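When the chains are written out, they are named A, B and C in that same order, and each has its own residue count from 1.
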Amino acid sequence: MGLSELLSTFGQNYLDGLLATWSMTAVSFVLVMVLSVLVTVARVSPFAPLRAVGDLYVQVFRNIPGVALLIIIAYALPYLRVVLDWRTCVISATVLMATAFGSENFMSGINTIGVGQVEAARSLGLSFGQVLRRVVIPQALRSTVLPMTNLLIAVMLTTALGSQVPLSPPELTGVVDYVNSRATGGVLAFLVSAAGYLVTAFVISLVGNRIDRKVRILR
Amino acid sequence: MQSATEKGTPVIELRHVEKHFGDLHVLRDVNLAVGRGEVLVVVGPSGSGKSTMCRTINRLETIDSGEILIEGEPLPQEGRELARMRAELGMVFQQFNLFAHMTVLDNVTLGPRDVLGVPREEAERQAMELLERVGVAEQAHKVPAQLSGGQQQRAAIARSLAMRPKAMMFDEPTSALDPEMINEVLDVMVELAREGMTMVVVTHEMSFARRVADRVVFMADGQIVEEGSPDEFFDHPRSQRARDFLDSIRGH
Amino acid sequence: MKTRPPKPQTMRDALYEAPGPRTRKRIALGTAVSAVLVLLGAAAVVWQFYVTGQLSARYWSFFLQWTTWRFLLQGLLGTVQVAATAGVIALVLGLLLMLGRTSGVRPLAAACRVVTDFFRGVPSLLLIYFFFLVVPQYGVKMPSFWMLTLPVALAASGVLAEVFRAGVNAVPRGQVEAAKSIGLSPARTMFKIVLPQAVRYVIPSLIAQLVVVVKDTTVAYVVSYPDLMQNARVLITRYDALVSMYLVVAVVYILINYAINRASVYVAHRTGVKIIR
């Protein structure tokens, strides 16, 4: 099967797959950012139980294999009367795992700030909230641009978990399975999907690097 | 010599201040009063507790017991009251601690705008005046990392001055500087002292102490061992420890 | 005498100053409230298990039998075999890719860069489908072990190549200059001077990457290779106990990966190396 034949037969499937991957990636990443902030707030809060839960969350979800988590969400939760549609299952698994890494990124962003910066802000008479708003958060955010760019790419790759449940339409990885169950796509069937991921990742890191260069803090 | 009692209520007063870091007794019964317009220079070997004492004055370090009074009022322990008190006390750090993500101008206007509520244009006008005064006006729109150490420290002094503080604390302001930059910072401090700013200066710069100090306090092992006018202290130290210290820094 | 306070371990603690009496009261209150909320949350989860009958003994009692664990351990052995083999292949391949990329030979460097970015930029699941669905179309018959191990290894090799490169970049420039000045060839400089130091820098990161390898092996069921996950699926059918079995297996994976991460941090701490990610 040549490339033109492959694309004329399955082009629409690849396009749908790419859009499915993109949309799950976008939705997941937005949720990851929101949840990462919440988890990080819990972890830096002065309340020991919240810190403990936040730390436990991160340890659990950065160490659980994606497939295991997806299977639990998709097949075990219904036994506990929590039934989600397939797409939501994939997004939930992706978000839960990526949030652990997102929170780690925020934590290391906070850790790169010198204690002296906070002391100087305090000495000016800034309140705790002002110290956070004007010094801690802006500095932490600027130093997390690159790690978060990498996380966005990782989120996209994680949505390939969608190939393990009957999504319709299937996302990019699932399309390879779809095509091969109907024709002998050969290596091209695989490379078309791979190209979808690679080009997207390339664009993401290009944009991420540009933003980073703009906001990076000279030290 | 201006003593605190002659000048009414001291701006800063420490009474029987004690502090431990774990097993270390870092401040032992420290008593000190700084009068209005007085320049107090604190000297002593490293690890003598002088930096810690300086930092207790605006509660960057807490104390275990004793009292710290600012214009006769006890130093608040938290909240808005503490922030308000800190806004009235300038602090200059060894490592400058300019906010790394802001321009020099924004560093200087942050306090006035966010704490005192000065409108932006007014704050920037005052900031430029101050930067002019300390000689870094040309660097106003650069970020701290683009400045030399001496320029950063002068900008940091301008940042504190922008709050129109009642007193300024300097915690080893020249210790992190290359030798050729020390004087540009000391010159700014001398100027400030001449204008009547109340200052507590922790430093190893003995020539500065002799030239500018109204009073020199010598600390060792967390205690104030002796205090007096610069001439008294440098020419006729009373304690053996002070004599040893002065000998060591003179390179005997 | 040292009077500087012990520097706070993390900014997490430096964010807060020593609390005054009012703040201390608020923290105590917040701690109590959050403790109650956490307990309530945990209770709600347990309650949901209870009302859906998932706490019933028949879902858990077979974990008391040795045969259950023996079968799971057999699966775990399969997981370890795949992870270890894939790890070794990835290590060699990653090193070769890095050496090629930094060789200075233009076409080789470009090729290695493309390969590295390719393996880093596609999901490991896609690579597994390649070996599972595409390779057989060309008449190559592969045992399921290799259908799983190769894609896992390839995915990891791209990442490891970058880890090695970061390690090489972390070697101080003076080392290379000194080697050149005593007349070592570029190749000798790399192998005698740079690489030994670079490897030392990256050992903690290499250990940490093992977590990714272990995670990637869990799709073994796609190719029907008997790993921990696949054996768990067999037990699920035997005991009709899906929830408990998947939870236990997930915990096993989490503990293994947690241990690997701890080992990485421990080694980094012992050798005074920062973990390069």
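Following the convention adopted for this analysis, contacts are C-beta pairs under 8 Å (C-beta built on N, C-alpha and C of every residue); 3 or more make two chains touch, one makes a residue touch a chain.
All figures in this text were calculated on a predicted structure; none of them were measured in a lab.
In terms of which chains touch, the assembly is arranged so that all chains touch all other chains.
Summed over C-beta pairs in contact, the chain pair with the top total is A-C.
Averaged C-alpha coordinates give centres for chain A and chain C that are 17 Å from one another. If each chain is reduced to the centroid of its CA atoms, chain B and chain C end up 49 Å from each other.
In chain C, the positions touching at least two other chains are 17, 19. Shared interface positions of chain B, i.e. residues touching 2 or more other chains, are given as 60. Across the assembly, chain A contributes 122 as residues in contact with two or more other chains.
Listed in rising order, the residues of chain A touching chain C in the complex are 43-50, 52-53, 59-60, 62-69, 71-72, 75-76, 79-81, 107, 110-111, 113, 115, 118, 122, 128, 131-132, 136, 153, 157-158, 160-161, 163-164, 172-173, 176-177, 180, 184-187, 189-190, 193-194, 197-198, 201-202. By the touch criterion stated above, chain C contacts chain A in their complex at residues 7-8, 10-12, 14-17, 19, 27, 30-31, 34-35, 37-38, 48-49, 52, 54, 117-118, 121-126, 129-130, 133-134, 137-138, 211, 214-219, 229, 242-243, 246-247, 249-250, 253-254, 256-258, 261. Here chain B touches chain C in the complex through residues 21-22, 24, 26, 47-49, 51-52, 59-62, 76-79, 82, 221-222, going by the rule given at the top.
Chain B contributes residues 58, 60, 80, 83-91, 93, 95, 97-101, 110-111, 114-115, 143-146, 156, 159-160, 163 to its touches with chain A in the complex. Put simply, chain A touches chain B in their complex at residues 114, 116-117, 119-127, 130, 134-135, 138-139, 142, 217-219.
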